[in-house]
Amino acid sequence: MAVLKTFLYLLVYPGLVFLFAYSTFCEWFDRKVYARLQNRMGPTHTGRFGVLQPIADFFKLMAKEDIVPEAADKGLFNILPAFGLAVVSTAALLLPVWHFSPVVPSWTSFSGDIIVMLYLLSLPTLILFLAAWSSTNLFSTIGGARVLTMLFGYEVPLFLSVLSPAILANSWRLAEIAAFYQARPLLLLVNLLGFVVAVIAVQAKLERCPFDIPDAETEIVGGTFTEYSGKKLAIFRLTFDVELVVASGLLAAVFLGGFPGGVLLGFVQFVVKTLFVIFLLSLIRALTSRIRIDQVVSLAWKVLAPLAVVQLLATILVKGFLL
Amino acid sequence: MRIAAFLPELLRHLFKKPATVDYPFRKLEVPKDFRGTPYLRPELCIVCRACERDCPAEAIEITAVGDPAEKRFSMVIHNDRCIHCAQCVDVCPTTPKAMQIDSLFEIAADDRHKLKKDWVYVRAVVKPKAAAAVKAEPEPQKS
Amino acid sequence: MNFKIPIGPQHPALKEPISLRMTVEGEVITDADIRLGYNHRGLEKLAEDRNWVQNIYLTERICGICSHSHATCYVQGVEKLMEIVPPKRGLYIRYLVSELERVHSHLLWLGVAGHEAGFDSFFMYTWRDREIVMDLLELVSGNRVHYAMNAIGGVRRDLDEGQKAKILEGMATLRKRSEYYFQIGANEPSFVARIAGVGMLTKEQAVALCAVGPVARASGVARDVRKEDPYAVYDELEWDLVTSDSCDVLGRVVVRVKELLESYKMIEQMVRRLPEGDIVAKAPRRPKPGEVLSRYEAPRGENTHFIQSNGTDKPERLKVRAPTLANYPATVVMLRKGFIADIPLIFAAIDPCICCAERAVTLVDGRSGEETVVRMSDLRRRSLARPANAPAKGKAAWPF
C-alpha cells in the first residue's frame, strides 16, 4: 500500500503528471503576459484562450524526427535531456506545498532542503554545458562556453540573496522559513532588496532575456540547443518549464511567506504566488534587450553581488536587534 | 539613462486591446482601389492585344478560334502567373474598359490549373464617333 | 581558439542568404570574408527581354522594401531618354510615395535592429506603427508592397481629398510615436549598452570606402542625393540633412529616426501643396538611342541605374548599383575587432538589402570547386550566344 502511494506521489501528484500540467500552464501564462505587454494576442485558439498551446507544442515536437549528429558523443547526447528533467522534477518535490497530513507540514521537508534545492537548480546549467559540448557543433560550443561564463556571474548573488531570509528565520528548512514569515509578515519587508536581486538572478538562471545569451537565436543559431530536435528537444523545453515553476516556487516560499493554510488553501496560494513571480519575470523579459556576455559578468559582480551583500548585512543587523 | 524607461508603456499595454486582427475569423476591409484579380468584359473587347503585349508576366493569351471570318477569339488569363499590377487595365483603350480588376485576394488554390479563366467571344465593333459608353454590336458568346 | 564561424547563408540573423565567414579568436573577430551571389536572379538580363513598360514592374521586384526606389530610379532615367517631362502633380505624388516608402523602411529597420539586439518589445511596437504606413500605401496605391505607382511620364493613380486627410492623420500619429522611440532608443540602458561604441567607422574610412546612406551620414559625411542633385520636387520643400558624429550603431539609429521626422515634415508639405493638373504625360513607345545614369536616394543610400537604349522598344542594357553593395567594404572594416555578439547588430546597422546587391562576378565550377573571376566582356559574349537558341518571346514553352 505504501509502495503504491509512493508511486502515485511520484508519477501523478506532485509527480510528473502534475508538474507537466502545471509547468505548461505557467508557460502559457508567461507567453500570454509577454504577448499582451507587446500589444499582441499570444496563444489564442488551442483550447480556451490558448491554454493547451504549450501542450500542443510538446506533442508536436515529440512527433518530429530525431536527428543525432554523427560526430556527437551519442551516449551523453541521448541521456542528458532525461537527466535534466529528472533533476528539476526532484527539485520540485522539495517545495513546501505538498501537504498530505495537517500535522506534519510536508513529507519531503528536512533540515537543509533549501541548500539541496539550490544545488539541484545549479545542475541544469552543467547539463546544458554538457549537452552543448557533446553536440560538437561550432555554435553549440560557443553556447556552452557562454553558459559556464554566466554561471560564474549569477550563482553567488542568487545564493546570497536566497539564503538571507533563511538566516533571519534561523533555519535551513523551507517549511520552517515559511512558517516564520507567516507568523511575522512585517519582516518580509527586510528582504525586499534580496527579492529584487533574486528575481534578476533567477532570470539569468532560467536563461531568459536579458540573459538569454546562450540561446541567442539571432547570433549563434540555437546555441546549446542547435543540434537537438524531436523528442530530446521536447524534453529539454519541458525541463526549462519545470525549472521555471521550481525557481518561482522557491522565491515565493522564501520571500513571499510560503503557502500556509493546509492542503487546498495552500495549493491555491502556491498557484497565486508563483504566478505573481512569473509575472515579474515576464515583465523583465519584455522590458530589456539582450546584453553581452562580458556585460553580464560585470553587471553581476559590480551590481548584484554588492547588493546581495548589503542585504546580508541588513539581515544580520535586524537579527541582532530583534532576536 | 533611466532604468526601466519602457516600463509605463509596457504596463499600459496590458489593458489595451491587442493590435492583432484575428484573421480569418475577422477580416479587414480592402480599400476601393485595391488591385485584386483581373477579368474581362468580353462584349467590349476589340482585340487590340495591348494587354497581351504589356503584361509583365505573360499572363494573357489571346488566340483566334474557328473560322477567321467570324472573328471569334479566346482569351485566357493565367491567374497563377499574374502579378496583380493592373497594367492591362491601364493600357486597355476602350471606354468603358474591357479589362477590369476586382478586389478578390483570397484566391489561393492547390492546383495552378484551376486558376486559369477563359472567355470565348466575338470581337466587338466600336463605331468611330461613338466612343463613350458603347455596347458591342454582335451578341457576346458565353464561355 | 582561432576558428572560422560561418554566418550564413542560412542563419536566423539574416533575412536573405549571404555568407559571412568570420575568423574568430575567443569572442573577438579578426577578419571577415563576404561572399555574395546566393540570391542572384539575372534581372539585368531579364530586363533586356522586356519592353520599357514591363521593365517598370521588373525593376520594382528587385527588392520588396525599396521597391519604389528601383522603379522610380528606372522611370526617371527612361523619361530622360524619351525627353518627356512629367507634370508637377504627377511628380508630387510619385515622391510622396517615395517618402512614405522611406518611412516604412526606417520603421522596419528599427524593429529589425531591436530584434537583433534581443529587444523584442521594441520590434513589436515599431512594426505595429508601421502598419499605419502600410495601410496608407494600400489606400493610395492598391497594394502594401510593390506599389506600382509609376508610369513612364508620371503616375498611374490620383490622390483625392479623403486620402489626403488620412495621410495627414497618419503622419500626426506617427510623429508622436517616433519621438517616443527616439527617447527609448537613447535611454533604455540595456539597448544602449548593446549599440553604443559598436561598429565604429571613422569619417575618413567612410569616405575612402565609399559608404553611402545613413551609414555614411552617421559618420559625419554629409552626402544625400536629394540635397546634392535635387531631382524634381526636393528643392521646393524645406527639410534638413541629418548627420551624426558618433560613427557607431547608435549614430545610425539616431540618423534614421531623425530622417523619419524629416520625412514626416516632407510628406505633410507635399500633401498640402499638391498642385492641380494631370498626373501623367504621354510617353512614346520607343526612345531615341542613348544612355543615361539615374541617381536616387533610397532609404538605404544612393541607388544608381544605368540605362542604355538602341532605339527599339526594349532596353539595350540596364545596370543596377544598389546602395547595399556600396556598403559591403565598409562592413568588413566595421566587423574587425568586434565581438561575435555584435555581428548581427553591425550587419543589420547597414540595413542590408541583400537581394538588391546581387551582381555575381565570381564563377565557381560546381564540380571541381575552383573559382575563376570572369571579365565583363566574357560574360557578355556568353550571354549573347544564348538567345540564339532561346524561343521567341510569347512562344516560350511554359511547363504548366
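Labels A, B and C are assigned to the chains in the order they are written; within every chain, residues are numbered from 1.
In this section, a residue touches a chain if its C-beta (ideal position, glycine included) is under 8 Å from a C-beta of that chain, and two chains touch if they have at least 3 such contacts.
As the structure is a computational prediction, the values presented were derived from the model and not from experiment.
In this assembly, A is the chain whose CA centroid lies farthest from the centroid of chain C. C-beta contact counts were set side by side for A-B and A-C; A-C has more. Note: centroid distance chain B to chain C, computed from Cα atoms, is 28 Å.
Measuring from the averaged C-alpha position of chain A to that of chain B gives a distance of 56 Å.
Between chain A and chain C, the centres computed from C-alpha atoms are 45 Å apart.
The set of chain A residues touching two or more other chains comprises 37-40, 286-287. Touching of two or more other chains is recorded for residues 6, 10, 19 of chain B.
Residues of chain C in contact with at least two other chains: 121-122, 125, 128, 188. Put simply, chain B touches chain A in their complex at residues 4, 6-7, 10-11, 13-14, 16, 18-20, 22. The residues of chain C lying in touch with chain B in their complex are 50-51, 53-54, 57-58, 61, 121-122, 125, 128, 131, 138-139, 141-143, 146, 148, 151, 156-157, 180, 183-184, 187-189, 192, 394, 396, 398, 400.
Partner chain A is touched in their complex by these residues of chain C: 3, 5, 11-13, 27, 114-122, 124-125, 128, 188, 190-191, 193-194, 339-344.
Only residues 1-3, 5-6, 9-10, 19, 30-31, 33-35, 52-56, 58, 80-81, 83-87, 90-91, 112-113 of chain B touch chain C when the two sit together in their complex. The residues of chain A lying in touch with chain B in their complex are 33, 35-41, 44, 283, 286-287.
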